[in-house]
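Just so it is clear, A, B, C, D, E and F label the chains in written order, and each chain counts residues from 1 on its own.
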Amino acid sequence: MMTLANEEGARSLREYLRQKHLYEAYVPDQTKPVDFDEFWKKALAQSKGVKLNVNRSPLKTAMKSVIAEKVTFHGTDGTLLAGVWVRPRHSAAGVPCLLRFHGYGGDRGSITQDAHWILQGYSVFSIDVRGHGESGDASPYAHGNNGSWVTQGILEPEHYYYRQVFIDGVRALDAVSEFPEVDASRIGLLGGSMGGGIVLGIAALDSRPKVVISDVPNLCDVGLAIYQKMEGSLQFVERFMARRPQHVEQVFQTLAYVDHVNLAERISARIRVSAAMRDFVCPPQTIFGMYNHLKTDKTIKVFPFSGHDAPGSPLHIEETIAFVKESLG
Amino acid sequence: MMTLANEEGARSLREYLRQKHLYEAYVPDQTKPVDFDEFWKKALAQSKGVKLNVNRSPLKTAMKSVIAEKVTFHGTDGTLLAGVWVRPRHSAAGVPCLLRFHGYGGDRGSITQDAHWILQGYSVFSIDVRGHGESGDASPYAHGNNGSWVTQGILEPEHYYYRQVFIDGVRALDAVSEFPEVDASRIGLLGGSMGGGIVLGIAALDSRPKVVISDVPNLCDVGLAIYQKMEGSLQFVERFMARRPQHVEQVFQTLAYVDHVNLAERISARIRVSAAMRDFVCPPQTIFGMYNHLKTDKTIKVFPFSGHDAPGSPLHIEETIAFVKESLG
Amino acid sequence: MMTLANEEGARSLREYLRQKHLYEAYVPDQTKPVDFDEFWKKALAQSKGVKLNVNRSPLKTAMKSVIAEKVTFHGTDGTLLAGVWVRPRHSAAGVPCLLRFHGYGGDRGSITQDAHWILQGYSVFSIDVRGHGESGDASPYAHGNNGSWVTQGILEPEHYYYRQVFIDGVRALDAVSEFPEVDASRIGLLGGSMGGGIVLGIAALDSRPKVVISDVPNLCDVGLAIYQKMEGSLQFVERFMARRPQHVEQVFQTLAYVDHVNLAERISARIRVSAAMRDFVCPPQTIFGMYNHLKTDKTIKVFPFSGHDAPGSPLHIEETIAFVKESLG
Amino acid sequence: MMTLANEEGARSLREYLRQKHLYEAYVPDQTKPVDFDEFWKKALAQSKGVKLNVNRSPLKTAMKSVIAEKVTFHGTDGTLLAGVWVRPRHSAAGVPCLLRFHGYGGDRGSITQDAHWILQGYSVFSIDVRGHGESGDASPYAHGNNGSWVTQGILEPEHYYYRQVFIDGVRALDAVSEFPEVDASRIGLLGGSMGGGIVLGIAALDSRPKVVISDVPNLCDVGLAIYQKMEGSLQFVERFMARRPQHVEQVFQTLAYVDHVNLAERISARIRVSAAMRDFVCPPQTIFGMYNHLKTDKTIKVFPFSGHDAPGSPLHIEETIAFVKESLG
Amino acid sequence: MMTLANEEGARSLREYLRQKHLYEAYVPDQTKPVDFDEFWKKALAQSKGVKLNVNRSPLKTAMKSVIAEKVTFHGTDGTLLAGVWVRPRHSAAGVPCLLRFHGYGGDRGSITQDAHWILQGYSVFSIDVRGHGESGDASPYAHGNNGSWVTQGILEPEHYYYRQVFIDGVRALDAVSEFPEVDASRIGLLGGSMGGGIVLGIAALDSRPKVVISDVPNLCDVGLAIYQKMEGSLQFVERFMARRPQHVEQVFQTLAYVDHVNLAERISARIRVSAAMRDFVCPPQTIFGMYNHLKTDKTIKVFPFSGHDAPGSPLHIEETIAFVKESLG
Amino acid sequence: MMTLANEEGARSLREYLRQKHLYEAYVPDQTKPVDFDEFWKKALAQSKGVKLNVNRSPLKTAMKSVIAEKVTFHGTDGTLLAGVWVRPRHSAAGVPCLLRFHGYGGDRGSITQDAHWILQGYSVFSIDVRGHGESGDASPYAHGNNGSWVTQGILEPEHYYYRQVFIDGVRALDAVSEFPEVDASRIGLLGGSMGGGIVLGIAALDSRPKVVISDVPNLCDVGLAIYQKMEGSLQFVERFMARRPQHVEQVFQTLAYVDHVNLAERISARIRVSAAMRDFVCPPQTIFGMYNHLKTDKTIKVFPFSGHDAPGSPLHIEETIAFVKESLG
């Protein structure tokens, strides 16, 4: 999309191209804390030790060719997490499954948002992220936050909100993998903005997913993101540090555990990332910073004239469907 | 939704209920120009005399169980109107068809927006409204506008933008009714905001649709709406009149032809309308003003704590699907 | 402040006076749930059964004539609540004590904010409200919120955020009452906005405080407040209901337990309330609605030309000091 | 402009008309301080005793058929007030003269703004109001203001800003009346917003002007205006009172001297006033409140769909020229 | 204006000067499409073949020494374009004529706006640009726009809005050149913002004008302008591309035909351009980019501390009058 | 605060550190007018010749251990300046004294704002800056301003607002130095934003203060500040110049007299300055520009994630108290 055949277009886009070329060469140093690998190893081990308690119950829907179930399961701290699992009524045994994660402050939305995947013969598990929608949060937080999920537990890496959220995601994988109707060899992850960051986190911690769609993801190159962002949840982190300067070091220490610049290299699934050149929430440079650390089969799509809502364009949705079909069958 | 069983709830909602009761009793006088019926009779007759020139061409989509076609047809003034017609790949002969109209300044969006209807076995014809998306506008306008569709041709009723738009909609009906794959006895109309106003207009001019979903419609009780609105396209009408006070009378004269307070009584299809008590674009009182003139099988849904985006809530979407299924089979 | 001696002033203020007179006569019906008294009785009883675990540790301050201690204690759910207790270095045995609660989204601030009380010979216990500042929140929430404390647990009265906050406040009272340095017969409560609402809640549940300063309090006549507010935390409640209309009834049911229209009559302490006629966060009518239910020695101060920040004016601060001195000695 | 011949228009405008009718019947009580007449008598007498020290100096302009002079004169407190006097190069002896006053925060602007009056054979004296443009302010103010002219001296009626401004205007009249080139029997006053308020003040204090154009004037029914305004300089008055509630009575006492509800009845010149129904700076009701006290040959023009910038419409300018021509020849 | 004699001023302005020097050396590559010359040659030829149908009718004005006429003429597509021609009542034969073009979203305004030119002995033809004011638009557009003139026809260079507008301007020249009262050897062009861009376009296509005043013109170095703009009509172009990324190349291809970086070298008239260093609508660098391609007698005026409204300052208006007088007599 | 021990933090902060390092090396040229030293010498000499007329009167306060007096004194132009002097009721002879200056548009506030200093055994003289609060302004201004103190007298250095304000501050020093209760060897200056600029000015003109606390000061490197600021009073200066470009040179000439880049080197008191990296009112680079010219015992504190309100954080207030105690005893 960034390459224009004719000279005029090329010239007109020169400012964007100049930036994009800078970004393509931008490989930020990692900032892994000493115990980074240990931290996540321990988190995964702890999760294995806690029962899922999956509960599936039928959900009424007016959509006659769809089977919908409300699915709940427990987080490692006992939080009851909720989602909806939808699939075609007449599906063969071994239906593929997509896990969909919503953006910051949103929720899983309506079943109809997944209708096109059902039409494709996929099932979709759409999860309310911890503290959003119908998913509660039973994590005990030892400090106040800033009226924002992103600052919950930010002084204690092991209780940090996104640490829990990534593990919740791995447990959602655990849950669907055990569904008898699901073909566990055909699982994909899907999300934009915070959802895009979550799917990166899950894919870095778990190799079961075969494909990852991560649109304009958050939590990339967080130090730079805090500096460049002009809107969105990182503002709450900045204000937290402005009020409590004595904790700046700890805040960055905690964020380093969930920064995808440190996590990206672990991802083995096929992945498609997107970035928008006018995105003031998840700045494109930070996404390139993460992307340039990816060591897997990867693609990045850049929207030259769009902001954070870029992934909603019809063309992009069609391309996403095609990419998933190609990856997952 | 407005009735709360317990006393507490009833009391807490008292302000909303007080307003709602006022609205339920609000039946504004009609403001039909002398030649109102003649105006629309002539418009429909003229439309009959102009060929549709329907063109259907296959549209590539990644959605394997969907057949998509780009459909174009001509407006009475030669405007090339474009839409997308999608249907289930394996549909029986005689597929029902919904016509969907988008909001002001939007466009038909992606095919996936109609996926839940396809899952239901319906086909959907999603149209770019004149001057939006891929639909052009060949109408010769004799005056300047205010950088807004709503003021185009507003000094000449016969060339007024919405007059053309309503007739475009009737012609879209003409088009799909002739599709051999369509069961013309099961046609519905669907739209919100401007789209909600357009489907009212079409249903008032044509009895073929069996069901109408009109969410938070515009063009209701327009004089009051201009007074109450705080956002949205009517601001452009107000500024137009502020700049050209000599034309105030003509502006209202023109708007009277498309005011649903004057058109509603003609609707014979089953209809569900919605209104949001905190809607500053299409104020709820104006929608009640229209609703109270409807003489058909009608339902109104009121959102007590929502604004203009109310119809996007998951619950409402489910109810919409159920209502359409019940009405259209 | 609202009475002007000369005729001119009286006339100029007529709009304000007209409103104020309406407010003075406004006595809204209470909305107590059937088990209202039981609910709070049970909450207090439960609190009695859970240890405070008060911990006092010296806090370094540059202020040489001040003794500062960080004080922590547990909420009934194990939440570690934190505050700072400051007192004059050379105070007689039996120092009076004020409990100060901050506004929504704030924190206890700096020690210097209490310096004028120390100068008066008072001690002050400034508490970070649950989830703010250094006070954590260990309450397990069964549902998502709206990125806002006010919606945490709003579907379950017994886990609702403000239910815990009021009980936390009673426990703070428990804590200071046991301080050997404190004269437990001279305890006062102090707060504005959310802090103003919290001190009403504490005073309604506990008769130990001798005086209450409640500036522009929240949680008064909540149903009306949601309708009238144009800024502030109630916006989050409204959006919560807009997204989840199926829960509207439960939301109001929960709010009824913490609505001061229902709690005010229990207050026995001497009280001074304030309201600002241009307050769009805690609308003045709602404060009068609560005030008119108070059955104790009460005063209301009305700011005719001010908004929600009215209590910060120098004159008001002086009057507050005088009122407390007069009440507490 | 408010009367629409056809039924449709009349109905559509009903909300505006309803308000307008209320306004037409709105005759607020006057709020004259006891020494009101004495106050202005004394001010005029004092002015008579202070020399004008008029200084006229040629001003270079590229406009070849125009003679421009910079004119300065002294206020009663020694303030050097500046303006520009323009007239047709080839004018007969005895040229008529318009005094033009600009809006709050503006200045006299460019000579070209008066070109149409010069074309009509008029001369125009455009004055920078005290503290604006090139006019200084030598008045000693005994209190701080709020970063706004409107609060300067507001605690001392005899030093209040607008008291000085009105007298400055009378002195400007004194100055031009003595210009040998001017036909002193054909003097008019012209202004909008603050300028509209100033010309009312001058016309109330001096009978020399033959015609007054007062567009959307300020300082009308000030108590109500403070209550209704949503933008503009009265916000500064409100904030002044919010900060210093002890001075509320004095503020209103001072404003009563310059409130046109008290001054209007003194005006004897022919006058045309305008008001805009969507004016949030100088609310239309307050202008009607003043208008209904006028006892002279008067006209009011109401803009139904316009805000405070209404007088800039081409039609209105043409009507203004015609009205002045008719009044002044 | 940018050169300050004393050292202090020079230093204080150093940031502006640093930027200005960069701009003075900025000569962007042209981006002419292959058929650029052919495109405009064809457009002019086509225009020659379509009748003007000039219609002049007297216009009532209260200004007694002015003759005003409403003038209409046809665009090449049959659009009826409207303007007002004003001239001194007592002008010699052979009156010079200025063509004035307004800004985006505006209209020709009132006759009094041209009064200073009439005083100078000039006539002025003030034109409502296509789709603005009283000028209609009969151009058939094949695609939707973005609620904005600037995107109308942007996918088809030959139907692009500004292509028509420039040709409309040449035709306005044709019209006034044939007026028997006009001295066709003394024609000038005048405009700011969009009007400034239009006069550049006309002067590039037609050598009849002797002088051009182009204040803060749009359509200069459009690719860069889209990147740098923070307000104004180019936002609509950006959003258009964001929504329809498949058309980015065509959008830039179309804009290249009307980009003054490509057109400027054709201008032969004497010209004065202006740019404001804080202009976020028509960024100064883009204007310098165009200016540095001008090959005629040229001057640029730079406003160091002003934004897009800079040309309204009294000093600048005087300089404009002087410049025109010097150029046109 | 800007140095982070661990690698992660250091990396995350790299953008801030990069900027900070640039700032640390930024030593802007001074811009002293030729008569700079003479100007201030003359101003001080003139001040010596004008009587102070100090008036002390007891002020009622509810704070029993505080003695409060209202203190007035005259400026050199006869302006009556007002402040409040507070001290501990039981203070030894020879109480130290802090002079506190508020920010732009504010006032001295309440006595309680100084309570922590009284607790420390200090007295505080809190002054309403000229034209603010209870301090009048008797300075005759020869030109209009922009509705803002910062532009008052800006065309005449000897009457410029801040020239008077700095001298007022020296006179406040004169006043308190003569108070028999004050230990004149222990005087300090305190202020933030405009107050921070004022204390720099006083300390540059007078060596009596022993310590200066200047938080986020204004009037540093003014030329650059005008260029970088996005909010605050310098906007008024910019608009003044935009409207009157003929005066740009004079404006900068005047500002050079009060620019702390020129004054800083004169300061001999111990000083602590602060700057916030996200301050858009008093940009951090300009404060470093001043700081790097200081030749005294100096410290700068940088807030990396805060804006203009940074000095309000509890930690900073504690540090300020400690710094003053260390400096003044």
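The rule is short, and it goes like this: contacts are C-beta pairs under 8 Å (C-beta built on N, C-alpha and C of every residue); 3 or more make two chains touch, one makes a residue touch a chain.
The structure presented is a predicted model; accordingly, all values stated were derived computationally and were not measured.
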| item | value |
| --- | --- |
| Contact-graph distance - origin chain D, target chain E | 1 |
| Graph distance between chain D and chain F, where chains that touch are linked | 1 |
| Any chain in contact with chain B as well as chain D | C, E |
| Centroid-based (C-alpha) most distant chain relative to chain D | A |
| Homomeric contact chain E-chain F: same or different residue positions, threshold half | different |
| Geometric centre distance via CA averages, chain C-chain B, whole Å | 49 |
| Chain A and chain D, separation of their C-alpha mean positions in angstrom | 62 |
| Cα-centroid distance, chain C relative to chain F, in whole angstrom | 37 |
| Shared interface positions of chain D, touching two or more other chains | 243, 313 |
| In contact (per the touch rule at the top): chain pairs | A-B, A-C, A-E, A-F, B-C, B-D, B-E, C-D, C-F, D-E, D-F, E-F |
| Of chain F, residues touching chain D in the complex | 78-80, 105, 107, 128, 130-138, 140-149, 243 |
| Partner chain A, residues of chain F touching it in the complex | 1, 4-9, 11-16, 278, 303-307, 310, 313, 315 |
| Chain A contact footprint on chain B (complex, rising order) | 61-66, 109-112, 115-116, 118-121, 313-314, 317-319, 321-322, 325 |
| Complex interface listing, chain E residues touching chain A | 28-29, 31-33, 222-224, 226-227, 238-239, 241-243, 245-246, 248-249, 252-253, 255-256 |
